[in-house]
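Next come the structures, one after another.
Shared between the two complexes below is subunit A, which has subunit B as its partner in the first and subunit C in the second.
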Partner chain A sequence: MSSRQTNVEETYEDEENDELFVDLIRKNPRPALIWLAGVAILVLLEIGRAFAGLGQLIGIVSYLAGGLAGVPGYVGGNVAGVAGGIVGSITTAITAVVMLLLVSIPFAGRVPDRAVDVLGLDLTRYQRRWTKRSVLALVLAGGAALFALSPVGGVTALVSSGVDSLASSLPALTSRETIPNQGYRAPDGGWEGTFMGLSPAIAWAIRLTLVFLYAMVCLVWGWKGFEIYRTHYRQADWTPADDTIRRFKGNYWGLFGLAIVLLFVVLALWAPAVSPVQAEHNIYQPNAHDFQYLTDDGEVESTTHVFANLDSRSDGQGTVSPMSYDTYDRWAPLGTTARGQDMMTHLSYGARTSLIIGITAIGLGALIAVVLSLLAAYYKGITDIATVMASDTIQAIPALLLIMLLSVIFQESNHPIAQPLDGGFLLALIFALAYWPGMWRAIRGPSLQVAEQEWVDAAKSYGQTPLRTMRKHMAPYIAGYILIYASLLIGGVIISTAALTFLGLGINPPTPEWGRLIDGGQSYVATSSWHVATIPGIAIVLVVVAFNALGDAIRDAIDPEADVEESEAATAGGGA
Partner chain B sequence: MTRWEYFIKRVLLTIPVLFLVLSFLFVMLRMGPIDPVAARLGPEADGTDAELMRERLGLNDPLWEQYTDFVMSFLTFDFGQSWVVQAERDILDIVISSAPATIWLGFWAILLPLFIGIPLGFYAGLNPNSFGDYTASFGGILWQALPNFWLCVLALAALRRTRDGGGPFGFDWYTFGPDFTARSISITGTPDLDWISTTDLLFVPVPYVADWTALAIDTKLILPAALILGSASMAAELRIGRTAMLETINSNFVETAKAKGLTNRVIVWKHIFRNSLIPLLPVITSEAFLLIGGSVIVEQIFNINGLGRIFFQSITQGDLPMAGALLFIFTLIILFLNILQDFLYTVIDPRVGYEK
Partner chain C sequence: MSGNTIETTPNGERNDDERSRGRDTMVSIRDLKTYYEGGGLFDNPPVKAVDGVSFDIYRGETLGLVGESGCGKTTLGRTLIQLEEATGGEVLFDDTDITSLTGDQLYEWRRNAQMVFQDPDSSLNDRMTIGEIVREPLDVHDWKTPRERRNRVKKLLDQVGLAAEHYFRYPHQFSGGQRQRIGIARTLALNPEFIVLDEPVSALDVSVQAEIINLLEELQDELDLTYLFIAHDLSVVRHICDRVAVMYLGNIMEIGPTEELFNDPANPYTHALLSAIPRPDPTQRRDRITLHGTPPNPRYPPSGCPFSTRCPARIRPEAYEALDDDVWDGINALREILRERMRATRSVRERIRERFDMETRFATMDETYEELFGGLDVPPEAEEVLQRVADIAGDHDERRALDALDEEFGSICDGVDPDGSDEEIDPEYYTVGENDRKSYCHRHDDGFREPAPVLDDRH
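Here is the complex of A and B:
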């Protein structure tokens, strides 16, 4: 049973770590329980918002699953158009099998040996590995078929609608219902419908403060969790990560960057709470929602946001400047846009758009870069040359122009991929395609270096699978580098997204985006409505500076001596 | 591997890259989600018109034949005619007529950062941790984060405001230098570059400046746009120039030079300056990369009818062959610059190709 033994060894490292962690918690559960109780309180305070986030997550996952499920049919359909129906169906099946296998490979190591032993075959280790993968792929296929063909699929719809209704019915600390800031001036001088009868400005300020307080408490508690883990549950007294954190703490420029980045993330995550008016009412469907206001004659009347927005435009003639009320007594902390929408709402939801695009693009690009660089460094030869070719090709085409061309091609043809976020998702995919070569080039040196190390040879001769060798013994070494470049590149993505939207190519209305605000305000910079183009511009500059500072600080913290070439990443968004 | 073998290997590598780029363009333009016939005739086109067009564009040929035709025509610069932007005009014609404006813009956009960014960076590196260093470094960080398109908007607004002495201290960009108000020209627009003439010197045409005023006008016209277009590279040059200077100053050969008793001037100019230029080389060549991308935005906002603006028009108006041709030309320029960069490296830095 020699094959059996090697298999046990393969999974041995992971399990040992996990068991020790669990053991340590079992021995001394108090700190962990206290911390978890704190987390529970924090979640309960924002339970409504937590469910809203969960609902959005379900939406994203089901969209992605739907998209991926459509791939085999799409590929098969294209082949069928050229080579005939039967070939098309065969291609569909082959594509599906390949995709399932690709998904199963990273997880096949976790399949218990029993699943294969049941077959009663005498397998070599190599065969066993592939049998596991096939078994997992089969299970996945069965699951997918069950979802698609039987009523089980309806359960997901049920769950998601349940989550949605919970999201709207459960309270949240920072929700608009808890601290309402929209109301109308009462004829006697006070305010109706706002939080404790305070003015909308003050009610909004209270909610904003609460949001930032809550976010800060969450952050502190998360840090506390790490400290509890470090003192009570970590095996090692010291790891290199401790030094990295210590160095980062002493870097004030980096801390400044981190603070602004966190501000940006909070603005994006709590966009519904930070904005003085619902985006749904003010931006997406202004004609379907009305509100009450006090007319000059002293009567309370009702009007829709469409009409009110028309009168509140900041277009040089009329201006609703920052920190003021418009004629309908709607509070506009950052003034209004050229189309009369609320700037703060636009800015916070625009931050959401930028953040989603930035994270998706850089995450996907980094994933491609890491996988390819590991494969190229491990297998060398033809894999390496192919990767060099692919990245050279993409880098030879001017990135910004490539992005423009691709985004226009897909949007003009109304490709379904251009639907989510009004083109934002498409843009993120294109950015990932255009930016992975830069990241790959940056980590190519380190990956080649680590592939030469003795421990990688040792792992190979020990009989570990290539995948596990790359994941456990090579990837951690390049993780720091990719973090640096990701942080430096995300600023470039944000600038480029804004630039494309400014030109009318990137994200279509109504999805809010900072570049469109600048486009709307560009004719009024020299007028009283100067704020329309200036505020989002300053926001972009701040966020990009912050991400650059963060990237520099991470680089210094990970390895002060590291010779990281900055020319590549530094020029990422420069063209825009 | 010797230096020149390394160089030749790099040159040979560009050939497959060129074909891959062409294949990519082919897939996107011909097999992509946009139907060329619909793009040309509108989405409702069908029947005989569409069929004729399909035949004319060669869409009924076998795919590999379309591919070879496509590659051959691109390699021979036979791009065909524009569909929409300047309908029925040869694409190569359009490119040649709009290239000078972009070259003029690019010339200044490379020159200005070179003469501002590198000296500032070297100054900061020579005086590390001084007030001047902090100011320059912080300026560089900020400058790099400023989006070009936003700068363009702000700069235009500020310049327009100075009309009739409206600027600070009565500054008026319109009358500053060559007077734009008197000539009633806009401060944005395409430089016509008709100040260059050629004279035959021993039967070889040699360009010379025929009209200095026109040169001044064209320079003033392009200056704000060029400054903004070059801003990102300027910041990059500043930062890298500073690091390079710091590294060189602390290297052993400078120590040696000092020990030999050389004067500061000789050390700085002969030993430090030349060696600090090496890491700056890729920055300067990669500037072209930025300029090509940035020119689309800057030319669009400053109303300059150059290649970037033509590209923008062609993709917004669905002129696919033109967009493809321009992208191909830009790619050629970049590939050429990459080779040039490798060549310069090989000449300047003897260490190239010897590392492992």
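Here is the complex of A and C:
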């Protein structure tokens, strides 16, 4: 065979090799540098918030890591209860090893060959692959042990507290410190403690405008980045994605959906800046925080939010309408809730809750659905049958019933998983479990279809590994479908969350949630406090419709037939 | 690559040795079977896509594989490069039985044998650039450095008549012919010795077909390739192939040098297949042989010769040799109907309807009989047997009806042993013509007349 390998190459050997991405950047760095400078400025403007986000990310990751690290012990403990201590410990160890291997499999391909070569073994390709996986798993185990058993673990705590303190000390363009909107009326007229002595309403409006301006600039700059990449650094002058984007751009209903979705996301991401009062003060611990206000007697006094909230309830008797101040001169752009909390604050933090739940649930569900559908389509036979049975079993139970059942069980037993977000995280996991069969069903057809393509056979014929075949040759074709279905379903998740909370099953107070707002305000719809249920109701409808529009638009955009149909329709129209 | 048996064969010596004897066998296929398991939870018999074929492929030749669609030729090709698992038999590739390779050995072997696929729309992943597509086999086999891989891809694109600039284009931007060239470039990437061409031009415009065929021929000369060319376009086969194998229902019916086989077909099936192409030479006039019915279901192949249900030259029992052709067609059709009925499971409802003489989806035996032999002049002794068969079948004892039919009208072609034993007789390969041509038909046996004169008589 080696004799056959001659005479074919060598020719292009000394040709200039400038087609690599890095080469292109090296040759013409200007546009990239300009764009990066813009990014740097944008980050610097909101540096405080960036660190706050980082801190939250660290928190989430360490929570998840802690949770996962607890699994082997939990499994082992359960087994030990039945089969005795030694068996339990062995089970713990086995579970840990299996988990580590599972984690390392998708990433083992990245492990450089050197890592295995140092062992000096003569390995076949399969042995090599498994050696890489084991090496990675070992490294992970070592890292985990280091964290758990040595002072290194303390370092992370240090880092995370450092990040947190940076977050609070560094400035941000849209932070409450830069543009304060909370103050009190000065006895001699004017305002004390607000931005440039402006009224809280105007100060808040400025901050709100800044938030949206900033978000818009970020978006535009991101798009600009893509265009710079496309014109200067992308080797292909056309890709299928270009067509998709072009088709999406012409879809106004989809663009409307995207706009609302973005609005929703900005609301969630910048919740601390958008809300007129800190959620911590107004919602979570209103009795621990006080503020100053001007009494009717012309004196500046101090009170806690708890008392003030009691007087500011919009419950049919008293009402703080949208775009008004309450009796304590607190600015309430969307009025107050039935419990006297600030509606805007509640709404924006509620958006956060919904978004986190939606993304976690749909992301996890979609992951399960995609992995299972790819495996089933590639291996067929028994894998396929097992997947069908699993999904049928889950789908046999009405989704809402299943969700209610599980959430009651976990919440009543006060399982630690029900803690984050006051049950929100638990809800997300339950949604993922309940909804993956639906998503799997939606992509099953496309998966089976793509598995029949000859390029999958071709990949097999030159020995591509199943995992890579699925990732490179099958998954990209499923991605569009799962995106469509996910965006349709995320609206459903948001509604279901609200519905469950409305029934008192979903997310417990104090975590803000739109469903609870509607629940609290539904009896006042006919009174002067109509806004309490109406505003979050409209918000939910808008968001759900927007996600649906987005899903439709994605479906049209990824369908190459759409172009053909369009041109056919055009010619037909011209003929008529 | 150590431990790979293909590598360790002392290639050079053996080659010289064999070449001196004339031909150098590259792949030898022995009694190869590829069955697809009956789907579902029911215990269906498997589909016998390839049902025991044996032949050799010589180094450097182009072997054509022709047959109607569904005859198993694509499955055979796919089995040869191990895209399908063989159910039985062996495929010796330079003395290594590749059907037994697994894991690393299979992975290493794969670079020796590649495939060009039929549909250029489906064979290229259109989310990848041409460069990525052609490079993938090199990446999979960790061939040299990334830079050398890129250069090789460009060289390959050049070799198949595309340009290096096409590296970053997507398949969408190419025509069918160009896409097939890309597929060929990918096939060549690992420098295989043996390539299965699965109807490589059938999806292309006629104007482009010739270009691709020429390209394949050039590449074969340049790179010492061995082709298995699967096709149903016989004129293309005649043009490009050194030898041709004719396949029917999972069996090779005839195999031999192209010109000889085309000019002087031996097997009745080859006759039938070739008579379908218009002949440019009017002096060689031969009536078009029309085959009745469709090929049998490969799940239930007939006993004896696979072609026996439709063969125009089928050997008939001496007593009925003079029987009218139309009557024979009727008898053959009756046999098929009985076989069909035997397999079909009647639902309870249908049984009940039958009991009360109501209509079912199975026509009654009398109707069938009327339809088959109605207007024909059936001699009384045959008539009597046929009536008896129809009566037995009317009682839903198809098994016995078939036995009765075979007893009277069956011949060695149906697997009935003329010496009366119960054993089923399959045809064997007879050497015909001058150049090691083989035909799978009883008629080449000394006891029978050759197919050609029989066909002339009957048609």
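We take it that the second predicted complex is superposed on the first by the 540 of 576 C-alpha atoms of A that agree within 3 Å, B and C clash if a C-alpha of one lies under 4 Å from a C-alpha of the other, contacts with A are read in each partner's own complex, and residues count from 1 in each chain.
Following the convention adopted for this analysis, a residue touches a chain if its C-beta (ideal position, glycine included) is under 8 Å from a C-beta of that chain, and two chains touch if they have at least 3 such contacts.
Only a predicted model underlies this, so the values are computations on that prediction, with no experimental measurement involved.
Applying the stated contact rule after C-alpha superposition, one finds that A:255 touches neither subunit B nor subunit C. If you count the residues of subunit A touched by subunit B and by subunit C, you find the higher number for B.
After overlaying the two complexes on the shared chain, residue contacts for A:472 are found with subunit C alone; subunit B is out of touch.
Once chain A of one complex is fitted onto chain A of the other, the partner contacts of A:124 are limited to subunit C, with no touch recorded for subunit B.
By the touch criterion defined above, A:240 lies against subunit C but remains apart from subunit B after alignment on the C-alpha atoms of chain A.
In the superposition on chain A, contact of A:410 is made with subunit B only, not with subunit C. By the touch criterion stated above, A:101 is placed in contact with neither subunit B nor subunit C.
By the touch criterion defined above, A:503 lies against subunit B but remains apart from subunit C after alignment on the C-alpha atoms of chain A.
When both complexes are overlaid on chain A, the residue A:522 reaches subunit B alone and has no touch with subunit C. Applying the stated contact rule after C-alpha superposition, one finds that A:364 touches neither subunit B nor subunit C. Within the complex formed with subunit A, the subunit C residues making contact are 2, 6-7, 78, 81, 83, 103-104, 106-107, 110-112, 114-115, 117-119, 122-129, 136-137, 140-141, 147-148, 150-152, 154-156, 159, 164, 167-170, 172-173, 183, 186, 189-191, 193, 223-224. Residues 82, 388-390, 392-393, 396-402, 404-406, 408-410, 412-413, 415, 491, 495, 498-499, 502-505, 515, 518, 522, 525-526, 533-534, 537, 540-541, 544-545, 548-549, 566-567, 570-571, 573-576 of subunit A are the ones that touch subunit B when the two sit in their complex.
Those residues of subunit A that touch subunit C in the complex are listed here as 1, 4-5, 8-9, 11-13, 15, 17, 19, 122, 124-126, 235-240, 453-455, 457-465, 472-473, 476-477. For subunit B in complex with subunit A, the residues that touch the partner chain are 13-14, 16-18, 20-21, 24, 28, 32-35, 39, 63, 141-142, 144-150, 153-154, 156-158, 160-161, 232-233, 235-236, 239-240, 243, 279, 282-283, 286, 289-294, 296-297, 300, 311-312, 315-316, 318, 323, 326-327, 330-331, 334-335, 338.
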